[in-house]
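Think of it as A, B and C in the order they're written, each chain with its own count starting at 1.
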Amino acid sequence: MHALVERLYPLCRSITGDGVRATLDIVGEHLELEVHEVPTGTQVLDWTVPREWNIRDAYVKDPSGTRVVDFRRSNLHVVGYSVPVSAVMTLDELRPHLHTLPEQPGLVPYRTSYYAETWGFCLSQDTLDGMGPGPYEVVIDSTLADGHLTYAEHVVRGRTDEEVLISCHVCHPSLANDNLAGIAVATALAGRLREPRHTYRFLFAPGTIGAITWLARNRERTGRVRHGLTLACAGDPGALTYKRSRRGDAPIDRVMTAVLRDRPHTVVDFAPYGYDERQFCSPGFNLPVGSLTRTPYAGYPEYHTSGDDVGFVSPEAMADTLDALWAAVQVLERDGRYQNLSPYGEPQLGRRGLYGSLGGRSDTKQAQMAMLWVLNLSDGDHGLLDIAQRSGLPFGAVAEAAGALEGAGLLKRVGEGG
Amino acid sequence: MHALVERLYPLCRSITGDGVRATLDIVGEHLELEVHEVPTGTQVLDWTVPREWNIRDAYVKDPSGTRVVDFRRSNLHVVGYSVPVSAVMTLDELRPHLHTLPEQPGLVPYRTSYYAETWGFCLSQDTLDGMGPGPYEVVIDSTLADGHLTYAEHVVRGRTDEEVLISCHVCHPSLANDNLAGIAVATALAGRLREPRHTYRFLFAPGTIGAITWLARNRERTGRVRHGLTLACAGDPGALTYKRSRRGDAPIDRVMTAVLRDRPHTVVDFAPYGYDERQFCSPGFNLPVGSLTRTPYAGYPEYHTSGDDVGFVSPEAMADTLDALWAAVQVLERDGRYQNLSPYGEPQLGRRGLYGSLGGRSDTKQAQMAMLWVLNLSDGDHGLLDIAQRSGLPFGAVAEAAGALEGAGLLKRVGEGG
Amino acid sequence: MHALVERLYPLCRSITGDGVRATLDIVGEHLELEVHEVPTGTQVLDWTVPREWNIRDAYVKDPSGTRVVDFRRSNLHVVGYSVPVSAVMTLDELRPHLHTLPEQPGLVPYRTSYYAETWGFCLSQDTLDGMGPGPYEVVIDSTLADGHLTYAEHVVRGRTDEEVLISCHVCHPSLANDNLAGIAVATALAGRLREPRHTYRFLFAPGTIGAITWLARNRERTGRVRHGLTLACAGDPGALTYKRSRRGDAPIDRVMTAVLRDRPHTVVDFAPYGYDERQFCSPGFNLPVGSLTRTPYAGYPEYHTSGDDVGFVSPEAMADTLDALWAAVQVLERDGRYQNLSPYGEPQLGRRGLYGSLGGRSDTKQAQMAMLWVLNLSDGDHGLLDIAQRSGLPFGAVAEAAGALEGAGLLKRVGEGG
């Protein structure tokens, strides 16, 4: 996963343009992607697909001919969606177009201006402090023209049409945690799935406008989304954070809470700010989509700065995120509501070889406890995750007990968990 | 407000009589009052309006001719509703009619006997300890005769018939916190209201029998009471206390809890003891009426003693009570449920000038967060107070966001808050 | 109660056989019992009544003729339901049939093997460590043959058919806390009941198979069980423990929680392990049956060992268990929902002699507070236990207030509590 992050890092992504296409090409080497190109001007919900932005070069050259700000060194140096510029300006004239982080003087900020026509450069405060009065040659060799918005889907067909939506944004330039780590973990998760019960849909799309475009073009499909996660900031050193869906009690909320219980983690309530859960959880859709991150949105000093580089994300952290996701997939795949077919009194497990025969001992095993719990709560109202939570037993033990009891004809699956 | 307390303090109020009339006359200098006179013998719910009590003088004169207990010095010295007496008695004979507070020997207690025909004097234990064997001249120059029970209403008409009931009792003699401060704060609040949405009804009535009389004569009107508060003990040095309505989850309960959140305060559950919330919250009416006090009923040593004098209440405390009430009025007036008219995805706020156009910054302002929260939760089920509480944003910011969004055609009011 | 425990202690009980019959004979000296004999082979729910087991003698005799393990010294020495044996074996051959507690080397464990045909001896690790290589004479003089399963009921008829089920198991041999103390406390409780409102059914039956047999033969009657408790481990030095019914919010759960509130105690959620609440709370029946113990199932080191002897249970502990049960019976008998017949405003209690007539005092008595609470919450929705809990008043005070108000014509009983 870390190699994928390193490879994607130099590309200049934005909400449209060739950077997104190049990114999807690389992801497409790992996963079969369906790539969608949506023309500029297309109405998508309350929004319109904007003009496509591409950039070749940009710099601020001082009187000695030195590029003091240089797009080639880092694509963060240009405000995203900057219109073309070619001018000579004094520092005073240039100043309103320069963005720095005075409190983090060594870092370059990340700025965009998608929907207001402007241009600008981002640089460290240290660089700015060293700049003389000029004049400066100021060039942004960009184009802002009719074109397309690009996004991609990877679908792992399941035995049912019920979908699990995993979404990550692909519109940030050289920022590793936000969101190349998310792209890498989603790619790895997709690669692991084999003949699942649910259909898993991975969405690689630009933030906000990409999610809105997907929603606009898939309105009828949203009814199939049973569970969903936006995935971002998946590789920083912090603990995992799950942000609940707007519903707050959706199955995915309970699953993620259960999966994270035994790891360092935080669970926070939904708020209409953050990543594309904002769109999926808008009140008209109100999809059961939560958000999984490590340190959440805007919660670390490197957030949206040049400090969010490939060294900021670690293979270990991404593996931990993937592991938690995999555990969640296990629960989503195996959870279900069952009916005890012998609900009057306990069935005689010993006769069926399901119970140790020598009574009177207090060291009854976890497997036997799991069978008793599954039998007791399988009244059609409780799913296996419910039973795991109420009993304090691991979900896996409960799922195995259900399997054994189903095999013995004592249990019948009657519906989804949750 | 403190000047009003000082002016009302010397009057000898009881549940009937000229002291109540004189009190309402003075309040009537500040507010337009409708004064009601209800004849003795009138059946009111399970009760009957009692005879009217008036008193001119009362004393216990020692053998030297000195008034050792003197109604003219403090009207607390006579047990309320004492029948007339004119006798010469030894201390031993008088003793069963004398009430003191042995544990607060310097204070005179407050006692009444409305519904059992008797008489008595209240005095400090110190005074009693200094009294010789007598004989004493014992005089209570009172009358207990057919007359009227007096109460008054002040109504601020609103744009709707939905009423907010603010009730305070006017039956206590020289006790400043209980309840002259309540009368003063209610009077000040009434004077502040200008063309409100709700109709505000201020009730100045004797405790218990006055509230019961009002309820008996306004049975059909009680259905209009959407929110209510009994107001008492509004000027002591303690923190504010809100006692929930019997319902426990009425809008007024949520409003007061929200308003008090950022002040020192206590919130307590309903109990069928205290002030006239007992009557408003009797199970047949079960009105959404809570109780606002500072230190609650019987919770301070000066309670129902001569220690509850004009020095015990402060202008600052009364101003703080009024301020909290005013904040509650703001919420009652501005709360409401709205419908997001663009609920699929977020509407594009930038295009409508509602959003800062330079993205990528993490210091999104409170106003923008408030807009996102209002949009996200305006599904017809959540009121603005709900949204303020769930988001942790100030109610005012949320209400302003709703106004801006309504102005932009993105929101429509669909009902009351709460 | 302790004398009963001492008398029952030496009998060799199992899930069938003469030990159970002798136990019920002794209980029958205190209570009128209906004894049921259910033939071997009878189908009971998912189970079959097993063959009857009886034992006369058993021992392991060493080469010197000494009985190193001797059933006559303690019936725990033989694994319950051991088939007959008569053999000479070396220690190595005998070893697989010997059960000890290596971590409690001085104690003899309790073991059974009801449904797998085998035999064995239980002994202390200390005894085993002192045994030479043999050969040993090994004898179990038992019979395992068609016969009956025996259980008994004692019923105290109430004024209604609604039943309270008190169940205790009678299948353990010489174990005092588990469950002779339970039998003794149940017997004492039954003896105390006089013309109750509910019908009380006491069930003395072997664990698991006995409860299953009763359920199989009384399916239609289970609908009458309004409240129930399994009673076990009633005499150890630990604090009382109440385990909630599977429903978790049944009236018995609320009653027991209230009754235990002012004693050292623990309340735990239902789990499908423990005593016969497992059967009563199986999902098909889901009866409102909780479990009352002192230290719970398997929670003390003496559990299922020779350490659980008559010295382990105390008269004081059994009296405390009985006292808590008796308090619960008081609530079950006296709880109810009432309707305030004068619900508009407070009724005038003073006129009816129900209220102190001298007002203005803050030391209103508990009895008067109880009346106000009962009047306020008697809207048909709240029972007296609800009112006691919400007011913080003792249940007895609330029940007395309800009685006084009913006597004054202010209240009418409209239904069960809970």
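Note that in this section contacts are C-beta pairs under 8 Å (C-beta built on N, C-alpha and C of every residue); 3 or more make two chains touch, one makes a residue touch a chain.
Quantities reported herein were computed from a predicted structural model and do not represent experimental measurements.
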| item | value |
| --- | --- |
| Any chain that touches subunit C and subunit B | A |
| Proportion of interface numbers common to subunit A and subunit B (over half same, under half different) | different |
| Magnitude of the superposing rotation for subunit A and subunit C (Cα, nearest 5°) | 120 |
| Centre-to-centre distance between subunit B and subunit A (centres being mean Cα positions), rounded to whole Å | 54 |
| Multi-partner residues of subunit A (each touching 2 or more other chains) | none |
| Complex contact set, residues of subunit A against subunit C | 340, 342-348, 350-351, 357-362, 364, 369, 372-373, 375-379, 390-391 |
| Touching residues (chain side subunit B, partner subunit C) in the complex | 45-47, 80, 109-116, 208, 211-212, 215-216, 219, 246, 269, 271-273, 278-279, 281-286, 298, 303-304 |
